[in-house]
Amino acid sequence: MWLVRPARPDDLQSILEIAGAQGARLSSTLPKQEEALARKIEHSQASFAGANDPELPPRFLFVLEDTRTGTLHGTAGIDSRAGNGQPFYNYRRDALIHASHELGISRRVEVLYPSHGLTDRTLLCSFTTRPERVGTEAFELLSRARMLFIAEHRSWFGSRMVVEIQGVQHENGRVPFWDSLGRHFFNMDFQAADQYSSLLSKTFIAELMPPNPIYVTLLSPEAQAALGQPHRLTVPNLELLQREGFQAGNYLDIFDAGPVLEARTDTLRTLVTSHRKTLHGSHDDSGETCLIAGGEGSGFRCTLARATDTLEGDVRVPVETWHLLEKSAGDTVRMAPL
Amino acid sequence: MWLVRPARPDDLQSILEIAGAQGARLSSTLPKQEEALARKIEHSQASFAGANDPELPPRFLFVLEDTRTGTLHGTAGIDSRAGNGQPFYNYRRDALIHASHELGISRRVEVLYPSHGLTDRTLLCSFTTRPERVGTEAFELLSRARMLFIAEHRSWFGSRMVVEIQGVQHENGRVPFWDSLGRHFFNMDFQAADQYSSLLSKTFIAELMPPNPIYVTLLSPEAQAALGQPHRLTVPNLELLQREGFQAGNYLDIFDAGPVLEARTDTLRTLVTSHRKTLHGSHDDSGETCLIAGGEGSGFRCTLARATDTLEGDVRVPVETWHLLEKSAGDTVRMAPL
Amino acid sequence: MLVIRPLQQGDLDDLYAMALNAGKGLTTLPADRDLLQRKIDLAQDTFNQRCEPEAGLYLFALEDTEVGRTVGISGIQARVGLDEVFYNYRLSLTVNASRELGVHVRTPTLQLSNDMTDTSEICSLLLASDYKGGGNGLLLSRCRFMYLDEFRKHFSDKVFAEMRGVSDAQGRSPLWDALGSKFFDMEFGEADRLSGLGNKSFIAELMPKYPIYLSMLPESARAVIGQVHENTRPALRMLQAEGFNFNGLVDIFDGGPVVEAFVHNIRTVRESVTRYVLVTQKPVPLEVPPAERVMVSNRSFQDFRVTTLPTPCVGTETVRMSPAVAEVLGVESGDSVRVAPLKEGGRWPGPAGRDGEQEHETRPGRVRRHRSHSSWG
Amino acid sequence: MLVIRPLQQGDLDDLYAMALNAGKGLTTLPADRDLLQRKIDLAQDTFNQRCEPEAGLYLFALEDTEVGRTVGISGIQARVGLDEVFYNYRLSLTVNASRELGVHVRTPTLQLSNDMTDTSEICSLLLASDYKGGGNGLLLSRCRFMYLDEFRKHFSDKVFAEMRGVSDAQGRSPLWDALGSKFFDMEFGEADRLSGLGNKSFIAELMPKYPIYLSMLPESARAVIGQVHENTRPALRMLQAEGFNFNGLVDIFDGGPVVEAFVHNIRTVRESVTRYVLVTQKPVPLEVPPAERVMVSNRSFQDFRVTTLPTPCVGTETVRMSPAVAEVLGVESGDSVRVAPLKEGGRWPGPAGRDGEQEHETRPGRVRRHRSHSSWG
């Protein structure tokens, strides 16, 4: 059985293993350093418990567990406020029209503006799974469990959400956008900048990032082609998020120019289609597979179950599912179709 | 009876009278110079007739006529491509976060970026009426007739629409945003700049407008307060457009910082709620008052009528309405609820 | 004899021929008869004070009096940027450093600048190819400094020159290809021509307004910023010898440098002295190398003349000249003339500096006659 | 006797007392014992060449040898902007013009600049108030130009000074109130202090990056850009007399100007000559006005000393001095010393310029002994 639950300190080694396996191929906001990860889990636990220090906005880290073996297969996170109290950096892609009436010339000049416009929105992040899970029901469970968590704790989150999708990177680790822009200013390779970004305060970005807008036409052709393009390996995740209602807007990642997806929280498919139900037992293993979540804060659990939907406000699922959710008959759960 | 129809050359004096009566109180994109207005009407006629010179994108000018007296009571326009082939200038309001981790300081710094991001969207413009018509059914007819025209000629227009709403101006003609910003660069008063803007090519804006972003905090407090605020007298128009589905985004007028409203064409209320119907006669003067439009291109007419909606695709209106629309029984019209 | 004088109406044909031969790259003097005629008219209006002093264009012709042919031109624009906007890029530095990460990166940037607005420009130098050498280029260029010195109130305290930047034999500019061409939908030559015609609103409309980070440009483009075309190197060396320095501004199209100097610091100005004319029949050998010649100007605003004489003609109070030279300069014995070395490091009698002049002016008893040409020329 | 020498360990108490009396506005020398001690340590490392040449901070003390008290300090920072980013605003001009409308508007702008990066700065001048006058300030300031000249390879070709900008008696700066305070959530004094402590990453984080259009600032703020505090006017005049000019850069907080000069153009450098020491018992009247005194340096890198002597002590080859002065300078008869006028326009024997020096060096027969202090001091 697949279970999504808050990360615990004893998950540390398993998470490191999953994060490490991503290697340079697919970075995420998940630190690969033991100490940094331990701090992140600790902060997540406090956030699930309801702590809300204005200096340290809540950040939640979930894990996907195979309950039969006790092994972890993935992680997913929510930062309640993008930037976590610091500026959240993006480039905003916009166009200026350079037109000369007299000469009859009109050119569309694309410009990347440094922007903090998405700061404080709710951010989905830290999404990683073992490669064999990509595209499976468990993959979808891990991603969408977060939406159910948000639905159950709506007041903890903002009205607008964002997700950063990793941008184009070659097999050899080269990131064309970085090589054409960031490298000149940060004087380090993409991997180093990406790691610093997840480990350090954003001061170094304020210090090193070019403060003025960038003309797209002066980027390398390869970098121009990469603007707003997702990394090949992120496509399953991207498509899942698009089905959820996320759309690419005008924002790009400052390091690799990957697209930033945006959505209004209350129109996300899982939030719209999920409902609270009263839990009842079922001995039947037929029915449709759906997401089912229960528990508040630290007690939050989410799993997949075959549910038979009897009456309006009721749901029947196997008793095994009750145990996973740490719930019993008559308790309230939230469910959404897969 | 109120009729909205394409402007004709012989409307010139009446339109000048209406435009002139607006005086400095409420500017619009309607030229107050006879020659310029004559050219605008001529261009509008060509546009209604289906002309589409890539150098001269279609621009439509409608008038509101009281058919009992033959007098005009208002004008309304659509520019098929904002900027009319030249850049369409706005300020885009955005915020940067200036934060020092070390000092524990975080400030939200608002910036106005010169933008052409709305260039080529479809623009509603030139909306003026006699003061006594403001807020009446005729006022609504004049504004919304344009949506019916767009619905009937959907391929002539873009997928996104914008409207510029005039910003704050004092009784004495002073425009606080202009006085704090534009005046320093254009070296003229607001009225002059506004007039040049409707008369001349936009070269003078490219030449005179400060090319770099503007920090809001350096504007006068009065100008800061005026950002995105509508002129008192535009409120009825603004509310009508909001009901139609237009929303203020991040764009502001470069001269007076009035809000620019945006909408997706296909979600506008009039487009969504209007339907094609087959015309039938009615001797009954009961029924609901609705907008009813017929005719293609230069033949477009729109009026208000008491309609009794009999069968699905039919509508019954007084024969008088047929005449106004230059239609007869069995012809197709488009109607929308008021 | 070769003499500098104001450009005048009869010069059009010679000017046009020179412009034709000069080919591309001299945008201030295109081979366009109408435009050249307008320049002659403007120069005439300027010398005759029929235009606003700030709008003045002082164009000097180098005439070979033996053949009656104009063989060179040079000029001073009283002020730039008054009618059209005058654009340069400022080559500046952006430093980004993070102590935490031990990173320190310097990025040169080009920022749009109008900082030369209202400054006097020396410009339009062109010498017929068959007259090159023998110090003619020096005379054509440096006569302007004698004029600047003489009539300082008509010019700014600081003057500048734009030097032609690097382009290849086909007229392609590496900076244009990497930067300008991305924003201006035209060839370098066309942009340069439009700009030279004074038709500059297209620059405000089309050019990038935000700073350009040079690290994003290819090496070929970065290498030419602030560099001069190889044909312009002698002119640059000459100006450097006069005390002109690169001021951080470059041409927006080809990246050629702007050099500037305070008028009072220009070597020709610092080394120039006044003397009284002594017309003499005693023959002097006129054909001496440039290093042994001095420029002599008649100090006239309206009918400015400069020619060269052998250095030994200059005494402590007078400068000796033949009646022919005096006639060309329009001076008589006793008139005050200004004298300066033609070539830097050339022979120069007596103490350098303006001291000589001051000495004279405190001893008026020795002066026979002194009239100012600027009032009657 | 008043003598310039490198700052040394025993100077801390006197320095702290001076800094306390100086009050606000001297951010490079705050009344902070730890910070002052670090500066002394750095200066000692610098003179003893124990730090990277670029990181050097050359601090000179003015000591009254009679009372053994340090009464002044001045310094040269070998290079700025290497460790921390060095920020200025460049006062530039943006011209917007429309020929069609006949509009021509000039808008001064402030653009963030790091252009002084890697340049030598003269800094930290402070003189005890009871020693003001009598040319002590001139000595304290100008001794640095003798040092710059002597050891040019340790410094940049161009040097600059930041001049304190306008603030009122309460330390309020009009530019700060109109501009800085809108972006930095702190008082001017606090920002200035943080900046002076070398704690500058907050500037990168908080300050506006886009150009500031001055027409949007109140007149009170515009009026002080490039202007110095009234207490700083004498220092500015002194530097101007040395040939320093405003270079278009201003302080980002108070708008005070940056002035710069090429080392070879500095008056003290141009007018300095070398002479040989002639120790003599013949008494000379030491108490003469500044205009009749010269600075004499011992030319030592590590143990640099400068004091003043009456101008008549300087001969065409030698400079005469008492054994006491020679002892203070650490020189003996026959040693080479550098001499320059203390005050501009002061009496100066023989031809100005370095010609005198060259003459000597081409006639070594007259030299009895010549040793360079920079190798053994």
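For clarity, chains are labelled A, B, C and D in written order, and residue numbers in each chain start from 1.
Just so we're on the same page, contacts are C-beta pairs under 8 Å (C-beta built on N, C-alpha and C of every residue); 3 or more make two chains touch, one makes a residue touch a chain.
The chain list, named the UniProt way, goes like this: A, B, C, D = Arginine N-succinyltransferase.
Predicted model, so just to flag it, every value in this text is computed and none were measured.
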Response to the item:
Larger contact count among B-C and A-C belongs to A-C
Fill in: Most remote chain, CA-based centroid, reference being chain C
A
Worksheet item: In whole angstrom, what separates the CA-based centres of chain B and chain C?
Response: 56
Worksheet entry | chain A and chain C, separation of their C-alpha mean positions in angstrom | 64
Discussion item. Can you work out the whole-Å distance between the CA centroids of chain A and chain B?
Written reply: 41
Fill in: Rounded Å distance, chain C centre to chain D centre (Cα mean)
36
Worksheet item: Where in chain A do residues touch two or more other chains at once?
Response: 98-102, 203, 206-207, 211-212
Fill in: Overlap residues in chain D, where contacts from two or more other chains coincide
85, 94, 96-98, 201, 204-205, 210
Worksheet item: Across the complex, what residues on chain B touch chain C?
Response: 203, 206-207, 211-212
Worksheet item: Along chain A, where are the residues that touch chain B in the complex?
Response: 83, 85-88, 92, 94-102, 106, 113-117, 119, 201-203, 206
Worksheet item: Which bits of chain D are touching chain B when the two form their complex?
Response: 94, 96-98, 100-101, 103, 105, 107, 179, 182-186, 194, 199, 201-202, 205-208, 210-213, 215-217
Discussion item. Show me the residue ranges of chain C that touch chain B in the complex, using the header's touch definition.
Written reply: 85, 112, 201, 204-205, 209-210
Fill in: Residues of chain B touching chain D in the complex
98-103, 105, 107, 109, 111, 180-181, 184-188, 196, 200, 203-204, 207-215, 217-219
